[in-house]
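To start, the structure under review is shown below, and the notes come after it.
Labels for the chains are A, B, C and D, by order of writing; each one numbers its residues from 1.
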Amino acid sequence: MTPDLIYGLTGIAVFGIGLVGALCVQERLRRVLALKLCSVGAGFVLVVGAWREPPEMPDPVPHALVITGIVVMVSATAVALALIRRLQTLEATDER
Amino acid sequence: MTDPLVIFDLLLALSIVALAVASLSVRDLFAMIVLFIVFGLLSALAWVRLSAPDVALAEAAIGTGVTGALLLKTLHHLRFVAGGQGLRAGSGGTSMAPAAPVPVPVPVGVILANAAFCGLITLGLAVAFLGAPSAGPGFDALVADAMPDSGVAHPVTGVLLNFRAYDTLMEVVVLLAAVVAVWQIERGLSDAPAPVMGEVWQGFARLALPAIVVIGTYLLWVGAEAPGGAFQGGAVLAAVGLLLLLTRAYVPRPAHRGIARGAFVLGTAAFALVALLVASGGRVAFEYPLEHAKTLILLIEGMVTLSIAVTLAALFHGREPVALPKGGRDDT
Amino acid sequence: MMDAPLLPLFILLTSLLASPVLFALPERAARLRTAINLGMAALKVMLVAWLSLKVAQGVIYDLRFEVLPGLEFKLQADPLAILFIALSAVLWLITTVYSVGYLEHGPHRARFFGFFSLCVAATVGIAMSGNLFTFLLFYELLTLATYPLVIHCGNAEALRAGRTYLIYTLAGGLVLLLGTLGLWVLAGTTDFVPGGVLTDAAAQNPLAAQLLFVVLIGALGVKAALFPLHAWLPIAMVAPAPVSALLHAVAVVKAGAFGIMRVVYEVFGIETAQALGMTAPLAALAGVTIIYGSLKAITQDDIKKRLAYSTVSQVSYITLGVALASPIAAVGALAHLIHQGLMKITMFMAAGNLAEGLGVKKVSQMDGVGRAMPGTMLAFSLAALGMIGLPPLAGFVSKWYLAQGGLEAGQGWVIALLLGSSLLNAVYFLPMLHRAWFRDGAADAGAPARPRIGWMLAAPPVTTAVLVLVAGGFANAPFSPLEWTRFIVDIEYLE
Amino acid sequence: MSVDISAMMLAIFLPLFGAIAAFLLPRAAALIGLVALALTTGAVIWLAREVWQSGAVILPLGGWGAPLGIDLRADGLSVAMLALTSAVGLLVSVSALDALKGAGQSRQRQYFWPLWLLLLTGINGVYLSTDIFNLYVMIEVIALAAVGLTVLSGTRAAVQAGLEYMYASILGALLFLMGVGFVYLQLGRLDFAGLMDAEPTGALIAAVALMFVGLALKTALFPLHFWLPAAHANATAPASALLSGLVVKAALYIVLRLAQYMPFPSEALLTLVGMMGAGAVIWGGIQALRAERLKLLVAWSTVAQIGLIFVAFARAGELGLTESWKAAALLILAHGVAKAAMFLAAGRIKDEIGHDVIRDLDRSPIRPTLAQFTFALAAISLIGLPPSLGFIGKWALMEGAMASGYWHWVVVTMVGTLMSVAYFSRVFAGFLRFDRVRAPVGEHQGWALADAAPLTLAFAAIGLGLMAAPILSFLEIGYPFGVAP
């Protein structure tokens, strides 16, 4: 049982959970969260891939990729949330 | 020898998975966000364990901190809109306006089928993962060879700002696209009062502030051995911006728009210009001359950090600060 | 005279380029429109005359342009093409005059003449196609250009008819695409070559070749109105009279019949087609269509519908002549391509005049119309008698050759078929003539004795009727349709 | 010190700088946008010349070279896609000048240009990329800008559709990212060249599957098309034209590219892809037949057409994959041009008549003749009638399928064609019927300069069919599918 195995499977599990959420959940906010879970899961897989048995240093490239992925995901999340806020406002105005 | 660590790993992994499930299934949205923040911090911890401190830092600061703040802000907005509506219906007494449009519930069968489908996919991925080589060839040797020519000491920074600088530039472009899109989407939104440190926020602050402090300290430590961390640094600065906005120490005004726009594009523009202008004397784009590499990378990092901080804060604030004509949207 | 290798292209462009100009003209610019229409039509007739002279002298025109590797857009001007271009150029000129008169105050004239022009361009393109691929291009263009003409009236009935028309013809076009692809895959070329390109492939894989024959004839049979694919034709009668005239005499059905000719003679080659055992069924199908069309025509009271079923019947003479696989029958078929065009266009224009001048649209209303519109009805009668096959009119010539060809091919039943068909023709045409000339128009007492229709409506049917007479009477003169067809048949059967 | 500028860098950086400038100077956004578009087009022409003269061009960014660095690479296919993007983009931009000229549209005007230029940056970036992670970042640039454009009109329906689009987009990108992760796990590198000749292990099959599903979601391949019709139908006309004509093509292109370097592991999977395409053709057709609004019909036709492209891709099985991409590429180009023209024309019709309910099109005394004509021309290409580029693409599709005896794909194509005839003829009937109008009809109403751009596109869609031979030979430059570049 090495950490890469444990966390790799963790990542895949988190990805799967996110996937279920993305497909089955109705609440808008929760769907965003589910997608974020998927991204964390993908991040796990890359970080695990970079991991080397100490004392060897890990591969820095996947780390850079995950950092990029995180920033990209926060941008996408911000846009999705802005849409949710806008939609809620429009719906509220329509119903008044 | 590794026994205690394996137990730690297993426990951490289990908590992460459990928190993921919990955050998706808990009924209350606020609880969902809180659970997510804990989940994110634990994931970051796991990544520290996997010797990826930079990633852990980015995840804690941006993936969890900023995302959590964004989620909380949106939740606040949703509750405000729903609340305002309820109030109106109560005072007007004309109709019973429903609080929020209730989506048509998906049949349980469909949900189960979907879940089973996702389960199968996950299982397949797990099998594929177990079949993959445990430590692939990777870029280790290539990076090690190229590091002396990169102008920086920290490998991750080298990858981000030199070897794969093009990716990083495009990542900054994604941020720019996000802020443009958000300003576009939320134009003329009815002027909901910015969230202040209310009941919702105290929860967030309790959780996030210590995290921010810890992160900031860690960043300093990282900064000692590497010149970088633009994203982490930017995120911490953004946290400062968030607090300024929350405490109303700073209120965005229409007059500040130009400056804000300039700050948004600063990182992208500087990065892209440097990338283009270094291409001379047989060099190609993004190929920094070795003697100036460190300076140029520092310059880019500085600009990008500033842009990221302002952009993240603006993404949190959302709406473009516009003087609204009284009583409605300016444009649809 | 100078040698212009691009002549076929110019002939195509006269109408193709006229079309966008006509679209763009404002509705009120009637005079300019008429000038362009007539000018272009006259120019085309002249260019075609020039071209036929050159081709008769043995000049070979061959324009190619590669569209896909190995697949060419190819225009050629062989004698068979000339036959069809000459027909369409001359009849276009006449129909244009007629249409200008017919639509004098109608709506959407810009659109009408734009598509009208496009339609003729497509017909000319079909005639000059040097391979099946190019043929397909223009065949589909023809469909698209005629659809707006069919539904020109813009009412619910027209749109329903247009829908049927579009479904039949586009489905046919799709099957033709399939056949063209099949030919391409099977033979590696789609060129039209006298003697055919499939001889080897058919020897190796007769089943595929037979299938291809069925697919191609099926596809072309839609436009050629071969039974049972003819249903669109009578329905499409909602179109304005000049459109019906053009559709029946020149463009659509003839494109189908012409395509069948190309496919049998120059894709398969008459010998290969015979060896595959496909000509006999085709001849039988043509025979069935001839009788079926005539029988249906008898039961129609609507003049245009009666004429439509008559077309179904008459066009199959061409297919019959092709399928009999005898040179003499081929002469008959080719001659009938022209003769039927002349006769049918006369009758449709005459029918249009009856409707315009007297409001007569049904056979039962035709009592005494001969006295009211003698010129028009004279033309009509001449064409009808020609259809029946009365010597020395044009129809007689083609039937004569067909019958002789039947004998030559050892198919005696053809004589019986032709006799029976002529009899049926008489059954549905003669009562119309009888009513027109020998009955009093008591029912139409209210109508003016001499309705005024403009010369633009009156002259065209008379002109074509004269042509019917000339084509029959002077069948052996040089450059007469008959002589030209002999020229073609020499090529198709000697290669 | 002179700067060496490469055409590839310009193709990506010019729109980027344009976006920055347009965002900073909102008042001059339209001018900046047009200039940036024109300059980008110039860069693409320059690049095309380079590729034409000396074959595929490679630019190792930062001088590192793959696999450590990122290479940009331009060959026939990428330049063709770039050319499609700039040509369509330029014309859509011109018509956007008119479509967004309304007094109440100042904000739309202001944001259209930066978003569209960022979108262009992302699209051009995709076509020049040779690195799968870089592709992930690029599709995210595209996604955010595209969502911004989708919701430009700010109506509730548009925002709703934009949100669904956003979910689908993020999910698609994340599936792709997970695929990238698996590629890294197995091979330890991310550049295209590193993917070649790899043994199809479990991890790689998972990677291909993840990336394919992610891209299918992005390009709206049936049954993952659910987000597309609403998003494309509710956007403003220029945005719809960009989304339908260009954006979905980026993901399609990545599928083509990946198939070049990572062949599908089995014939069965390829057939499955074809079946999904066939499903799209049928289902898209049925929905287009049922659609009540013009733009919705056009959007469903996009679903069907994308299906057809996948059918073209799978048409000749595994062995034919080295040829199939040409048919697919031709169809992609044809659809890009024709669909942009059609959406612009539909937008014009809607603007002129005031609604786009198909059933009531014939009740209007206003007949925007030129826009209707444009619509019909675009439909000819989409149906695949000669001599349009769509016809040539379909010819290539059916020829390959026939030659390898895959008759089912021939049948699917023919059924799809007939369905497209049926649903487009619904619209034509509305254009050409006049007996339901009370007021007198003016024939030439609605002539406007705004029709010039869509009309040009529509004529291009038809006329390019005659240019198919040069286009094909250009596509093959530096791109012998299946042979190491």
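Definition applied: contacts are C-beta pairs under 8 Å (C-beta built on N, C-alpha and C of every residue); 3 or more make two chains touch, one makes a residue touch a chain.
Source: prediction; values computed, not measured.
J.: With centres defined from CA atoms, tell me which chain sits nearest the overall protein centre.
T.: D
J.: Could you please state the distance in Å, as a whole number, between where the Cα atoms of chain A are centred and where those of chain B are centred?
T.: 10
J.: Measuring centre to centre with CA averages, how many angstrom lie between chain C and chain D?
T.: Those two chain centres are 43 Å apart.
J.: Using mean CA coordinates as chain centres, what's the gap between chain B and chain D in Å?
T.: Distance between chain centres: 30 Å.
J.: On a C-alpha centroid basis, what's the spacing between chain A and chain C, in Å?
T.: 68
J.: Which residues of chain A are in contact with two or more other chains?
T.: In chain A, the residues touching two or more other chains are 15, 18, 39, 45, 48-49, 61, 65, 68, 72-73, 75-76, 79, 83-84, 86, 91.
J.: Where in chain B do residues touch two or more of the other chains?
T.: Expected reply: 125, 129, 136, 138-139, 143, 163-164, 167, 171, 174, 177-178, 181, 185.
J.: What parts of chain D, by residue number, touch at least two of the other chains?
T.: As it turns out, chain D has residues touching two or more other chains at 68, 133, 137, 140, 144, 147-148, 151, 154-155, 159, 162, 178, 182, 184-185.
J.: Touching pairs of chains, which are they?
T.: All chain pairs meeting the touch criterion are A-B, A-D, B-D, C-D.
J.: Would you mind writing out the residues of chain D in touch with chain B in their complex?
T.: 1-6, 9, 13, 16-17, 19-20, 23-24, 59-64, 67-70, 104-108, 111, 114-115, 118, 121-122, 125, 131, 133-134, 137-138, 140-141, 144-145, 147-148, 151-155, 159, 162, 178, 182, 184-189, 201-203, 205-206, 209-210
J.: Within their complex, state which residues of chain D touch chain C.
T.: It comes out as residues 369, 373, 380, 385-387, 392, 394-396, 398-399, 402-403, 410, 414, 417-418, 421-422, 425, 428-429, 432-435, 441, 443-444, 465-466, 468-469, 472-473.
J.: Of all residues in chain B, which touch chain A in the complex?
T.: Where chain B meets chain A, its residues are 5-6, 9-10, 13, 16-17, 20-21, 23-24, 29, 32-33, 36, 39-40, 43, 46-47, 49-52, 54-55, 58-59, 62-63, 66-67, 70-71, 73-75, 77-78, 81-82, 84-85, 88, 97-98, 100-101, 103, 105-106, 110-111, 114-115, 117-119, 121-122, 125-126, 129-130, 134-136, 138-140, 143, 155-156, 158-160, 163-164, 167-168, 171, 174-175, 177-179, 181-182, 185-186, 189-190, 231, 308, 312, 315-316, 318.
J.: Looking at the complex, which residues from chain B come into contact with chain D?
T.: It is residues 124-125, 127-129, 131-133, 136-139, 142-143, 146, 162-167, 170-171, 173-174, 176-178, 180-181, 183-185, 187-188, 258, 261-262, 264-265, 268-269, 272, 276-277, 279-288, 330-332 of chain B that touch chain D.
J.: Over in the complex, which chain C residues touch chain D? Could you list them?
T.: Those residues of chain C that touch chain D are 23, 26-27, 65-69, 73, 107-108, 110-111, 136-137, 140-141, 144, 147-148, 151, 154-156, 159, 162-163, 166-167, 170-171, 173-174, 177-178, 181-182, 184-185.
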